[in-house]
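Before I ask anything, here is the structure I am working with.
Residue numbering begins at 1 within each chain, and the chains themselves are lettered A, B, C and D in the order written.
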Amino acid sequence: MIRNELCTVISHHEIAENIYELILCGELASEMTEPGQFVHVKVSSGLDPLLRRPISIANIDHEKKEFTLIYRAEGRGTTILSKKMPGDEVDILGPLGHGFPLEETEAGETALLVGGGIGVPPLYELSKQLVARGVRVFHVFGFQTKSATFYEEAFKQLGPTFIATVDGSYGTCGLVTDVLDSEVLSFDTIYSCGPTPMLRAIEEKYAADKKVFLSLEERMGCGIGACFACVCHTAENPNGFTYKKVCTDGPVFRAGEVVL
Amino acid sequence: MIRNELCTVISHHEIAENIYELILCGELASEMTEPGQFVHVKVSSGLDPLLRRPISIANIDHEKKEFTLIYRAEGRGTTILSKKMPGDEVDILGPLGHGFPLEETEAGETALLVGGGIGVPPLYELSKQLVARGVRVFHVFGFQTKSATFYEEAFKQLGPTFIATVDGSYGTCGLVTDVLDSEVLSFDTIYSCGPTPMLRAIEEKYAADKKVFLSLEERMGCGIGACFACVCHTAENPNGFTYKKVCTDGPVFRAGEVVL
Amino acid sequence: MNRLAVNLPGLKLKNPIMPASGCFGFGKEFGQLYDLSELGAIMIKATTVEPRFGNPTPRVAETSAGMLNAIGLQNPGLDKVLSEELPWLEQFDVPIIANVAGSTEEDYVEVARRISKAPNVHALELNISCPNVKTGGIAFGTIPEVAKSLTAKVKEASSVPVYVKLSPNVTNIVEMAKEVEAGGADGLTMINTLLGMRLDLKTGKPILANRTGGLSGPAIKPVAIRMIYEVSQAVSLPIIGMGGIESAEDVLEYFFAGASAVAVGTANFVDPFVCPKIIKDLTELLDKYGFEHISECIGRSWK
Amino acid sequence: MNRLAVNLPGLKLKNPIMPASGCFGFGKEFGQLYDLSELGAIMIKATTVEPRFGNPTPRVAETSAGMLNAIGLQNPGLDKVLSEELPWLEQFDVPIIANVAGSTEEDYVEVARRISKAPNVHALELNISCPNVKTGGIAFGTIPEVAKSLTAKVKEASSVPVYVKLSPNVTNIVEMAKEVEAGGADGLTMINTLLGMRLDLKTGKPILANRTGGLSGPAIKPVAIRMIYEVSQAVSLPIIGMGGIESAEDVLEYFFAGASAVAVGTANFVDPFVCPKIIKDLTELLDKYGFEHISECIGRSWK
């Protein structure tokens, strides 16, 4: 169920350049089930900024009623958020949307998790839950540059982790697709989150033979399905009036379900 | 000189119902000279609320570079201000305006200080400075009710202090004018700050024989004389186009100078 | 006595608070969060004869104390609204105000005729002011005679009272209101969004795919208050006010200006529980300012 | 090379940042805070033939991300502006844009004729859009033919280029701009304030003694950006943009929309040092987004 709650900041650190890890505590953690869901964050109590910010859930700790958000402080809202201190309260609406389908990968099968930049965070909870189910996981992540990378060690605990940086300052020089082209990885399912061009490349390359699940981003108003801000066309009727809402039908879709 | 500075909160307490005493530290304390000047306070760093709030300077400690504001948390801005904690920073523009003329009362003479509600605070610094010059001071203050009174002990240290409350819950029942009508006080100068009807009553009663100085309130834009939000007509030409600006020519005026 | 009850043409409202059209879909999403019967009424999303996908995304952009939207009247079309959305809403004890849109007079008349027969539709809101569609919309809302003629035709076709939604993007809102009154409107709703735009600093291009969008939220409240103040003195139609409402205090300001009920739009996105919250706070606020009944507040600024 | 230098009719600006009329008096107050020669230009307060006291107080009210003002063209009158204010400003190396106001065409012409001869007045800003005065003002700014005729007369009387300040309170801003261009304007300044109102909850009455006032500040920026985007594509006059500017980023957005220079109003009240701050930040911002010169940014949203 969707709840609105003032959650308490447990810890808050800059874990890479302009990338923050925010751990919050609140009852609504108990509602978080699927990896890949998101919350809608009001970063200040007043009117500035007005709208909530959608941020994926990167980690869930049901026992402590804690959950983790990892975000880039870039615009006005996330910059204000980055100033919160332990003990402060943050207004959270969530959990929202539908996440990655775990059940599409059986125990013993292999899942490939492909993330780009700030699309990496939700893959952490996903990877944890897959591994817990007995799934083998590979991680392939792309970042702009070395100083923007994060959570590499944590992911390595769960499975082999390949990193590409656009400027070549770390790992493979180039994009995640360069890693995917050069490494020989065999797997059953792909779960991916990141910039749309990356998602498109993955869809093109793998959607024909593999089960591919993609997490989309779109500018949102309500985050709960009421305002029609975040719609995309369905693949079966790309110019018609059928649609999916990223906030409630997604953010995760099966490749081929919607027009990227 | 007018400065703009982020001042640090030294202490912040609710000293009466919804009345806060805020002690700030900043270099601009050294620019504060006349009692009755005010500062223009930006209560939050964003756009909500947009405008600064004018608040009188209630106490100046040049040595520590500290100054005190006493204000009522009422509307949106002052309520936000009331949440500031020691160590937080507050954006202050000031000191602004012209205060009470000390030199109008000679050492050995007597000054009557009349304050209403949230007009009382600037009279504290004034009283201190008058006493330091060897002036005898009386204080007559009006409040709505007992729980709204503050600083009575502090004022008593400086001179006799009479209090009236509208609901009679403390001191004389009624207005400051009721105290002034019943007590026999002889004095040379009146300095007053409070609601306009009170100032009008004082002007009517005393302006003919005494030196009377009144501190005015008006809604402000800039606080520095540029926007013409805070003008009042001059008494010599009450319907003409001559004017005084409360923010720069005032807030303190000699009775009879401007139209109340 | 219900201190919040308000009677308007076609509408017996248990309280004067309703979600604004386009900000509440057809109620399903909010129905998961609270009991929709708590609301005074519901203004459902604009309905057109045919289904529409609307504009490409991005469709929203944030502004200072406001937001721009260019949804473009996305809706499932009249048939589906009649067969699915409205019947679903019948489970709640809440009157529906159907927002009627179109590109031609015929479109409007067709939607009005059919949707006004739905059992829970108690009034129509004639959307002559949507700034986000290429054809229709804007002309209907800015040329007084066109608005009047459309109002008359829709009024004739409708089985329930017709409220006309005014656009703030006009030189003379009073003139528009008077013409619409002359056209036979039963009430007014105002205001729709102001036309605005934001640019992306990285690309230099508009953030919205549609380029321009409608500005809503607290930023526009002073414009709405001014227009309702002016219009409520010039016509004798009741006004449902909207624009930036997010608290019971705002509701009171709208009533003082001349509104007889209000709608809450953008604030539902910031706080999905805002409507029941305002309803709850409103009674306390009447106490605070010494009113027996909300209707005493109507037009207090000029009465 | 000065990367911020901009040349407009009558104006060689070392940078495109200037305080907006009415938000900077005649410069004296800000002259105590920083060197006015740092500014690109100064738009001085509206000047009328006779001195004016303006409206009763309260004259300002806060709104969400904005403010209302109803100063009412208070000014010391043409004679005193010529004999005192303008000569005082001559000590600074900064061109003055004189804001010309009046109640009749003759008033405007008289002010324009005489003030345009002052040595440091390099351009006029024709204030046909002040919402806060009973006579004149608003009609000049909302009826295209009236605006055109006034522009032509003032243009004839003026010894320096004439910029016409457009009101946003119109249905069709492009039509206004075109008429004013046809009237011979050398440039446009836009936008003036939106007409708005706020009510006091305790009294139920308008906060402003004048009842309505002009809405300025960040709240109106999206409306201004939209209007400049539309007008800059429809006329060939340069535009000085304004409305809610408070940062160098805002300046860039205005340039992208189609402005060739900008004015900063309300932000001066919040931060009296905002103009020099923006000028300082602007060069860095050009670097950040890869522009050699500010003029490359003009109209980037539609070019």
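Worth a mention:
Just so we're on the same page, a contact is a pair of C-beta atoms (placed from the backbone, for glycine too) under 8 Å apart; a residue touches a chain by one contact, two chains touch by 3 or more.
These numbers come from a predicted model, not from an experiment.
Of the two chain pairs examined here, A-D and B-D, it is B-D that is joined by more C-beta pairs in contact.
Inter-chain spacing, taken between the CA centroids of subunit A and subunit B, is 55 Å.
Centre-to-centre spacing of subunit A and subunit D amounts to 46 Å, using the average Cα coordinate of each chain.
A straight line joining the Cα centres of subunit A and subunit C is 36 Å long.
Taken residue by residue, subunit A touches two or more other chains at 47-48, whereas all remaining positions touch fewer. Within subunit C, the positions touching two or more other chains are listed as 63-66, 217-218. Taken pairwise by the contact criterion, the protein chains are fully connected, each one touching every other. Subunit B meets subunit D in the complex at residues 1-2, 4, 42, 47-52, 93, 218-233, 240-241, 243, 248.
Residue ranges on subunit A touching subunit B, taken from their complex, read 44, 46-48, 80.
Within the complex formed with subunit D, the subunit C residues making contact are 63-66, 68, 142, 169-172, 194-199, 201-202, 204-206, 211-212, 215, 217-223, 225-226, 229, 244, 249, 252-253, 256-257, 289, 297, 300-301. Residues 22-25, 28-30, 32-33, 45, 51-54, 57-67, 69, 71, 74, 76-77, 207, 217-218, 266, 268-273 of subunit D are the ones touching subunit B in the complex. Of all residues in subunit A, those touching subunit D in their complex are 47-48.
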